[in-house]
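The same subunit A turns up in both complexes below, where it pairs with subunit B and then with subunit C.
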Partner chain A sequence: MLNYIVRRLMMGVVTLLAITALVYGLIRNIPGDPVSAQNAMNVDRKISKEMEDQQRRLYRLDRPWPVAYALWMSDLARGDLGTSIARNIPVARLIQERVGPTLLLSSASLLLTYLLAIPLGLWSTVRAGQPDERFLGTLLYMLYSLPAFVAALFLQIVFAVQWDILPLRGMTGDQFDSLPFWGRVWDLFLHALLPVTCYTYGALAYYTRFIRANMQEVIRQDYIRTALAKGVSPTAVVVKHAFRNTLIPLVTLMGLTLPSLLSGSVILEQIFAWPGMGRLFFEAILERDYPTIMGLTLMFSLLTLAGQLLADVLYAVVDPRVTLD
Partner chain B sequence: MDNSKNDSRRDPPSRGFAREVAGRFFSRKLACLATLVVIFLTLVAIFAPVIVGTKPVVCRYKGGIYYPSLGYLDREWEHPIFRIDKFRNNYAKNLPKKDPDSWAFWPMVYQDPIRRVRADEKEGVPDSETLQPPSIHHLFGTDPAGVDVFAKMVHGTRTALLVGFVSMGIAALLGIVLGAVAGYAGGWIDHFINRVIEVVLCVPTLILILALIAIVPKPTIWHMMAVIGLTRWTDIARLTRGEFLRLRQSDFVQAAVALGISRAAIIFRHILPNALAPVLVPITFGMAGAVQIEAGLSFLGFGTPPPHPSWGEILDDGRANLTCWWLVTFPGLAIFATVLAYNIIGEALQEATDPRLRDARR
Partner chain C sequence: MGVAAPVLKIDDLRTVFGKPPHQVIAVDSVSLSLAAGETLGIVGESGSGKSVTALSILRLLPAGSSRIESGQISFLGRDLVRLPARELRRVRGKEISMIFQEPGTSLNPVFTVADQMAEAIRLGPGGSRKEIRDKSEQLLHEVGIRDPLRVLASYPHQISGGQKQRVMIAMALSSDPKILIADEPTTALDVTVQAQILDLLRELRDRRGMSIIFISHDLGVISQIADHVLVMYRGKIVENAPVLDLFRSPKHPYTKGLLACRPRLAQNARKLTTIADFMELAPDGITLLERTLSPSDRKKLESEGRPPLLHPGSLMIDPTLTGTEVSAATKPILEVNHLCVHFPIRKGVFRRQVGQVKAVDGISFKVYPGQTLGLVGESGCGKTTTGRAILRLVPTTAGEILFEGRNFLNVRGSTLRQLRRRIQVVFQDPYSSLNPRLTVEAALIGPMRSHGIGSSAKDRRDRAATLMEEVGLSTEHLRRYPHEFSGGQRQRICIARSLAVEPDFLICDESVSALDVSVQAQILNLFKELQSRRGLTYIFISHDLAVVKFMADMMAVMNGGKLVEMGPAESVYRHPQQDYTKRLIAAIPDDSLEMIESRLARRRPL
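Let's turn to the complex of A and B:
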């Protein structure tokens, strides 16, 4: 096992190198650079050609990209992610600032998903084929096919524009700072309600169907029939005997959701003006903020690779039949 | 349950795998319905210029018969005579003016997906104002520029469907070839292709798409489809690889090797046809994904270049004008219906090709 993990980690380093080099090369080839992007934004305050060149030298834009990439790597090896060009603060601090709001949405959504999907999945297994189960199944299937950004717009129209009971966008209201503690929590809750709904419903539909599909396979096993024949109560059979054995694929799925916990959704955060990672990423692309793009890419790929490794290792941990080699 | 009865009936003429899968697929009502939806959308996409437009489907002008509405499909297909005679896309007014003997057969609805229609163009068609709610004149309302949303929707169907088919066609080609090679060759080739898949999975799609589009000097809708295809082949490759790993051990492949058949022939003529049916599953799901990606990109402002109306673009207008529900409802429902249809087809294929799932259903 340890042997396997070490080998995977070493391969992971090579993959990371390939990814970062590829992204660095790609972003340097997108037309425009941070300096021109910045100048385009403040039209009234044109800076001179010399200043521009000086800035370009400072950000290593005058060097060919492989050289700049090598320099970025050497900074990284010293634990320095660089400084955001558009915002002039260290990338590490920028990510730190933005990770909170995203984590708030994604953890709330993950929690909700599991809290709802497990009971719903078990209920669907027990009621399989009944009219109410088929109705729920169809509903979940339709939700699964509804793109989140379409749902987000519908929800905004109904709840924020027509009924005007929930805030349209943003994470906090105008008078947030003057509110008492519980007032702030309530304000945050109201603002998070629509985004969390949009984050959750798709995953909820997916997980419920996933659990149901796995349960359907397990309850056909002989040991389930044996347990029922021995007089174990149906609830105990479903929860203790069957569900426990469907946990294995669920665990691997958790490993694979790891990166999405921190990466956020570009479109949803953009629609709800949520100051999270997805929005930061989108803004960084528009601003051609190379250090920020690289920092985020590094983080996402690290998490994706770690999630895959975690899923494989967890699989072997929870299922003794699986051996890693 | 009653396998014995079925077996005795099915035994003598053994159908091929593909026929059997098709039979099982079409025995499901929902799958048939979803297929009909896709066929309907395809028809809308093909006949969009006949359904709605401001260019005549057929017209007679200065002694010749022309089909100006083809210009909606490709600008090059519009006869140059109309450019030379300075029609400026206003056929309704210019046709009778420049040639009194001309006649024209018009699309069913006189509205344009690109520009707003003016009052004096055609009898019975009023000046289209900006942000009008749905009415007799504008079935789905108008957008902030006064363009008819129904016309945009109908012509946007082409974009939505093409994106699904073309990008997944590219993805399928890449995925199947790489997956097949990885699965059959094994060893370091398999290892290398797996690493490539990992890299593509980790690079943010938005970066890849922006950068690849930026490299092209004049990006068109085709470039975008190619780029979406280049980012979406990993699932297909993984599944093909798995199928090849499984089939490589089977007797008929051993027999082919023993007969001295070349590697390429074994991979593409003997194993691939047997692996293809399950591979259709991620392709269909990928088509649903591609439709969403295109809409999402247009929504973020990185969509198809201007002359191609797209559903995501209308949604983007809707986001800026949330009080105009028609700008969100119609494209939203269209995207939803398309994705749902693809997903249902994908699922039905999955159940039809996977013997475990098939048996579990009964």
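Let's turn to the complex of A and C:
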């Protein structure tokens, strides 16, 4: 197992080099650069040609991209992600600021999804084909096909505009800083309620159906018949014998959701004015903020690789037939 | 024997699948009774309703698709058909236990043996953690597992098929059941392991005085254990007799057919009798008409077809052998020299090779045109790997494979394709070796097209139609998909597919092991017919020495990747040199009357 992880990590380093080099080359070759992007935004405050050249030198835009990439790598090796051009603060700090809000939404949503999807999936297995299960199945399927941005706008209109019981957008209210601790928690909770709902309902439908489909297959296996022949109760057969086997594909899925925990959603964060990673990435691309884009790319790549490794390791943990070597 | 009151009595049981009008009556008015300590054998082919009867007893059939329509199953004063689910659970595994056909899939793969045994014991007698542990160990010991502690700590995939079935039996015994239902418990196992499991069941039964319902498609196996036999055919019981009477004077033509279709070691038949020799369906599709084999028909079974074709010089060694020799001038069609197939064991970060599994370890043999070489041995002996190496489906570590004098291992490109066409294979499992999404026609025409056989699309279709008739199916079947066929029919399709490219060499890898004995006989006869019609050369691989002896001219016995014995099939059987070969021969169920009599005499009175 340890050998396997070491080998995978070594391959991961190679993959990371390839991804970052590719992204670096690509962004350097799309039209526009940070300096022209900034100039385009500040139409009234034109800067001189010399200033522009000086800035380009500063940001290594005068060097060919492979050289600049190599320099970026050597900075990275010293633990320096560079400084955001548009915001003039270190990229590491920028990411650190934005990670919290995104993580708040995604982890709450993920937790909620699993807490609801597992019982719903098991219930659907036992009640398969009954009218109530069919109703729930259809409902979840309809939710699954409803785009999150439509639901978000709809929820905003109903809860924030018409009924005015939940905040429309943002992460905190105006008097957030003056509130006591529990007041702050409550404020955050109210603000997070609609975004978390939008994050969750589609995944819930997906996971419930995923669990149900896998369970349906597992309960046809011979060893389920063996358990019944032993006199195990139907509940124990479903929860212990069948679900334990469904866990195998489920944990693989879990590992693969790891990157999405931090990547956030561009559209939902925009709609709810949530100061998260999705918005940061989107803005950084518009601003041609190369250091920020690279910092985020590096982080997402790392998470994706870690997620895949985690999925494979978890797979071996829950399935005794798999040994990693 | 009939004095004791029955523990289980089934009256007029009717179990159906599906809803009208597509309803299938799987079990039709079945009545039986099982005395305390008695072993009841139920025999019949796939679809005869024997397993459905067994599953009906504990109501283990899938609830959605099947139901018990009428009848009574009385077990010690309770009617199991109408017993509330909660009370039925107290019967399951405690008073009536069950073991199944596929030990490989019957244990939950994610729990250790200890967990699964503990669950059974907790549901039954119960006890403290330590007591449960001790009881598990003692039960495994009782079912003949020599290292119970290791097996307890293992997951199912870490132990062998025979051990898994022993674990299943141990689990079934955990609550001292009155009845053990064994549904084809040895069908998925090697003959040698089958013999051990039968010994074990007999011994447990006698020691514990429990009743057994033993289900099998093979009367030979039933003869080893049953006191009383029920023969089922198309959902009905067609014969019901004490074992000795049944073997001495079978009444129903179907029983006679089942008795006759198993290849027997002592016989020198060239063709096997099949069920169809004993009965046929009347044109109304319901009534059975009995047929009798005339003495001249019987004679023909021994004289029709060619005598064994032996390696040059065989008759000089043993002149009593029947058969003819290949002329000394004939060149072998296939020559295998010092073939080795080793699989590397890799370890460490850089996956350095630290050892190897010697699946095939330096074997050599020759096959002459038109001959059949039988490869026999237990699971894991390397016989299948040998077949695959010859087909170049696994890489060879060392040695050479000469096909008509040319080293098959060195050819590539179009020469390789040409040779691939000439060497074809028929695999073991007809269920998984046909693509479920291809019609039979597509499965037959695909290989023809890729090897450029047939002049036009129409010609290829005609060839496919001819092939279907050649393997005993009809032209209408071409448009159908594999799931519409029975196991035997599928194997015929697999054979037709391999013949579609006009090969001259066929490797049959356990091609009849997954089939019922009655179907096995038909397929074996088909292989022989095809050989004489097309002049095919076979390598016939099986774990069943009786089957190999029937099919093969020359027999090679493999063990641990090596050839331990080789010679004319007849003399390997008559004068086995190795203990291993003797064990393989002894494992074949012997259903002679003397054997059954002596077994019954040793049986303690009930």
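Following the convention adopted for this analysis, the second predicted complex is superposed on the first by the 315 of 325 C-alpha atoms of A that agree within 3 Å, B and C clash if a C-alpha of one lies under 4 Å from a C-alpha of the other, contacts with A are read in each partner's own complex, and residues count from 1 in each chain.
By definition in this document, contacts are C-beta pairs under 8 Å (C-beta built on N, C-alpha and C of every residue); 3 or more make two chains touch, one makes a residue touch a chain.
Small disclaimer: the values here were computed from a predicted structure and weren't measured.
Engineer: Of the partners subunit B and subunit C, which touch A:241 in the superposed model: first, second, both, neither?
Structural biologist: After superposing on A, A:241 lies in contact with subunit C but is clear of subunit B.
Engineer: I'd like to know which partner A:230 touches here: subunit B for first, subunit C for second, both or neither.
Structural biologist: So A:230 only meets subunit C here.
Engineer: For A:129, decide between first (touching subunit B), second (touching subunit C), both and neither.
Structural biologist: After superposing on A, A:129 lies in contact with subunit C but is clear of subunit B.
Engineer: Let me test your reading of the model: by the given contact rule, A:161 touches which partner, first (subunit B), second (subunit C), both or neither?
Structural biologist: It touches subunit B, and subunit C stays clear.
Engineer: Touching A:304, do we find subunit B (first), subunit C (second), both, or neither?
Structural biologist: first
Engineer: Answer with first, second, both or neither: which of subunit B and subunit C does A:251 touch in the superposed model?
Structural biologist: After superposing on A, A:251 lies clear of both subunit B and subunit C.
Engineer: According to the stated criteria, A:222 is in contact with first (subunit B), second (subunit C), both, or neither; which is it?
Structural biologist: So A:222 only meets subunit C here.
Engineer: When the two structures are overlaid on chain A, which partner does A:320 contact: first (subunit B), second (subunit C), both, or neither?
Structural biologist: second
Engineer: Need the overlap of the two footprints on subunit A, from subunit B and from subunit C, as residue ranges.
Structural biologist: Touching subunit B and subunit C on subunit A: residues 220.
Engineer: If you look only at subunit B, which of its residues touch subunit A in the complex?
Structural biologist: 195, 198-199, 201-204, 206-208, 210-212, 214-215, 288, 292, 295-296, 299-300, 315, 318-319, 322-323, 325, 328-329, 332, 335-336, 339-340, 343-344, 356, 360
Engineer: Touching residues of subunit A toward subunit B in the complex: what are they?
Structural biologist: 11, 14-15, 18-19, 22-23, 26-27, 29-31, 141-142, 144-147, 149-150, 153-154, 156-157, 160-161, 168, 216-217, 220, 266-267, 270-271, 281-282, 285, 293, 296-297, 300-301, 304-305, 308
Engineer: Hey, which residues of subunit C end up touching subunit A in the complex?
Structural biologist: Within the complex, subunit C touches subunit A at residues 58, 60, 62, 64, 85, 89-94, 97-98, 100, 102, 105-112, 119-120, 123-124, 155, 157, 168, 171, 346-351.
Engineer: What part of subunit A is in contact with subunit C in the complex they form?
Structural biologist: Residues 3, 6-7, 10, 129, 220-223, 225-234, 241, 244-245, 248, 318-321, 325.
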